[in-house]
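A, B, C, D, E and F are the chain letters, set down in written order, and residue numbers restart from 1 in every chain.
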Amino acid sequence: MGFTHFDEHGNAVMVDVSGKLVTSRTAEARGRIHVSREILEAVLNRNIKKGDVLTVAQVAGIMGAKKTSELIPMCHLLTLNSVKAYFEIDEERSDIIAHCTVSVDGKTGVEMEALTGVSTALLTVYDMCKAIDKKMVIGDIHLVSKSGGKSGEFYYESQ
Amino acid sequence: MGFTHFDEHGNAVMVDVSGKLVTSRTAEARGRIHVSREILEAVLNRNIKKGDVLTVAQVAGIMGAKKTSELIPMCHLLTLNSVKAYFEIDEERSDIIAHCTVSVDGKTGVEMEALTGVSTALLTVYDMCKAIDKKMVIGDIHLVSKSGGKSGEFYYESQ
Amino acid sequence: MGFTHFDEHGNAVMVDVSGKLVTSRTAEARGRIHVSREILEAVLNRNIKKGDVLTVAQVAGIMGAKKTSELIPMCHLLTLNSVKAYFEIDEERSDIIAHCTVSVDGKTGVEMEALTGVSTALLTVYDMCKAIDKKMVIGDIHLVSKSGGKSGEFYYESQ
Amino acid sequence: MGFTHFDEHGNAVMVDVSGKLVTSRTAEARGRIHVSREILEAVLNRNIKKGDVLTVAQVAGIMGAKKTSELIPMCHLLTLNSVKAYFEIDEERSDIIAHCTVSVDGKTGVEMEALTGVSTALLTVYDMCKAIDKKMVIGDIHLVSKSGGKSGEFYYESQ
Amino acid sequence: MGFTHFDEHGNAVMVDVSGKLVTSRTAEARGRIHVSREILEAVLNRNIKKGDVLTVAQVAGIMGAKKTSELIPMCHLLTLNSVKAYFEIDEERSDIIAHCTVSVDGKTGVEMEALTGVSTALLTVYDMCKAIDKKMVIGDIHLVSKSGGKSGEFYYESQ
Amino acid sequence: MGFTHFDEHGNAVMVDVSGKLVTSRTAEARGRIHVSREILEAVLNRNIKKGDVLTVAQVAGIMGAKKTSELIPMCHLLTLNSVKAYFEIDEERSDIIAHCTVSVDGKTGVEMEALTGVSTALLTVYDMCKAIDKKMVIGDIHLVSKSGGKSGEFYYESQ
């Protein structure tokens, strides 16, 4: 038609998954928030003014995973079958560890849902505790495992 | 009225900021994503199939900061004055560093907006690059500084 | 790994529906808002300043049903096939009755979508009429019937 | 310009609050969900499979109040100062009572935010308990009190 | 710190409005959808199967204006004072004209809110009528006028 | 039950697609924004202060398509397989042309997703450039083609 094409260098693309099979796919992600001993104790004793930190963070993590396609531009909307979020305490390092596992029957994996669930849960812990001390650090957010789909199994331990 | 109160142990509370002054408040947060050399090079050369990674991540970071009160249960909705997101490259450690600075005239600080902006930007980098390698790690997400409000100035360098 | 598990007492869980069959599922919910005679007359005569109450409430009810997984923490996102909302007038009791029927082909039922549709419709009636009189009462919101899925048929008349 | 105007009968209108003063405004709403004795006991003993019902419902109620302007078509977006949600148990009637109180400095009241908070909390209780018994009924949702603004004080006890 | 800066060429920026005065700002936008005579007649006679087209489109337009900061990446979230949407019919050209007027007390204008309101209303008209004929064309979406702020008054008639 | 039915004239209806087959469906839409020569040049030279206009608009267009069921009242939520957005420049007319193509495996078409993607992209171009000149006009938004479903193939060139 005689029009000039916009330079396609760097076009953002939402991967076309039309040709892929609908299969069962899962992903698990994990991350940590490093807190002061004072905060860790208050969290475990349910002594934080703003509420029951890990229960609120758990709800936020599950709801965050559901919001992934709204937050991450090139992510597909998926009808997830399950979202689990739970926590562990690393007393030695004074860290709270967040886990999120997601599953779906779909054409694309759920790694971003699991990672977003972990991130939202940890951000919520920060929010609930920041009145005590703002020097918390969120880190080690990574994909632990995934299964299903063409690239099959994946397992990664970051340390 | 003779009703039994639900055990208020652990009530989730959205802090009442009615009594606080409207002042100018800012916050800056930072975080990193560790990537393989292959990914770092592809990102810098704008050679990632899924698009111009850092521009997409920048847009996602700014939009993510705006979504903070939807994601973080006890966060207040704020009419932000500005949201800035930008990146630096740590070639030595093969990390991409995301910065997010937020400002508002309001009754409460914007630490969560800045942290959520950083997290969303880094999650987007992960999403854009994961087809190459899923072993990326997001970390060192922390509040760098904040000003304004009763608790005044804060400055924190995590390392 | 030697970490302490967070006390799982009260863990919030999004039910894992992976193993369930995709079947046709429907649900119908109903509820009422009790209004003054003055309001009821104004609604029926389309004489409310804020607009055509029942048409606006109908749109809000349908859109509210679609938002269910955003509002209800442990609800699954579903690709609904249909959402119907309509009203009846109980002149004797001076009530407006809202109905919402939802259907899907999925692994889980749509009771929450139907109930959320009814609730949003009734809240919208309240909002449209509150300038006249704030003493309206929303009630009798219940599931009327559901079909499909393992628990099969359900029918309930609340009075 | 010679165009035909669309029949303005029933135009939906978002009230223009430009001329109003910014003042402190609060509202409190309340509602109930009638449940079986089996459910009431399981809720109080934190014995519901889907989680800690009243904590999850509380988070949902607070987050629902924040979403009001998205759900109710003619509602204004507000930067709320506070949202409180809590529960009482009416053992005699086997009801769970939800309260929601909201405050803002703004040009318009927060009655809809309080009512939406109550509704979302009660819908969440229903969702968390429906696996046991679907015959729960949500009702008596009403505005208890409001203050601030031109219409001043309001107090209403529905029974 | 010895890091390489990401090439700031093309950084997306949300304009910093911190230094601006809070003033009263309004904007009006307009647009058209060209439809077949068959559709125009059905709309005016309220004979479209999918519902009362212009009332649904009006609600959608008002709700769309409220969603502007979610849709337009660099837009600020604002607490709008008013949103009005209404329609005119250009029988000669077989067009439906949508108008949207928005006002706020804020640090930035509401041109995008008015334009988004018009766009959402016209897209909704398309959706409601597309079963009859998909050859409708949305056009002439432009800012008619704005007032307030440093750039003051603006008035534009596109034809 | 002896209740009066609300006059169903103009009921808003979300089409019931339960009985339809799941098939592969695509749609392409297109639209234009007419800009001044000054703006066109600045966009092509990436010289707009607010950022890399067409990349930001592309991201916004893709994210806007994903939000369609939130914006358009009677639209169904769909799990899209792909969303593509790209631009062309009509130097002669000083227009920027936006294209959006969407595909899904579903029971209903994706015309609204494609049109919403185009509209959001063009609104974003307006937002990014409006500091230079507010007299831009968005137009010629139309469905170019669709395939799949009972109504089969459709192709439309608006001029």
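Methods note: a residue touches a chain if its C-beta (ideal position, glycine included) is under 8 Å from a C-beta of that chain, and two chains touch if they have at least 3 such contacts.
As the structure is a prediction and not an experimental result, all values here were calculated from the model.
Chains touching both subunit D and subunit E: B, C. Over half of the residue numbers found at the subunit A and subunit B interface occur in both copies, marking it as a same-residue contact. The interface of C-F is repeated, with over half of its contact pairs matching by residue number, by D-E among D-E, A-B or A-D.
Taking B-D and C-D together, the chain pair joined by more C-beta contacts is C-D. For subunit B, the chain with the farthest CA centroid is C.
Centroid analysis (C-alpha atoms only) places F farthest from subunit D. Mean C-alpha positions place subunit A and subunit F at a centre distance of 30 Å.
Separating the CA-averaged centres of subunit A and subunit E is a span of 35 Å. Within subunit C, residues 10-13, 15, 52, 55-56, 59-60, 63, 67, 70, 73-74, 77-79 each touch two or more of the remaining chains. Inter-chain contacts, as defined above, occur between A-B, A-C, A-D, A-F, B-D, B-E, B-F, C-D, C-E, C-F, D-E, E-F. The part of subunit C that touches subunit A in the complex is made up of residues 1-6, 8, 10-18, 69-70, 73-74, 76-79, 106-107. Only residues 24, 54-55, 58-59, 62-63, 66-67, 77-92, 97, 103, 105 of subunit F touch subunit A when the two sit together in their complex. By the touch criterion stated above, subunit B contacts subunit F in their complex at residues 52, 55-56, 59-60, 63.
Contact residues of subunit C toward subunit D in the complex are 9-13, 15, 31, 46, 49-52, 55-56, 59-60, 63-64, 67, 70-75, 111-112, 115-116, 119-120, 123-124, 126-128, 130-131, 134-143, 146, 154, 156, 158.
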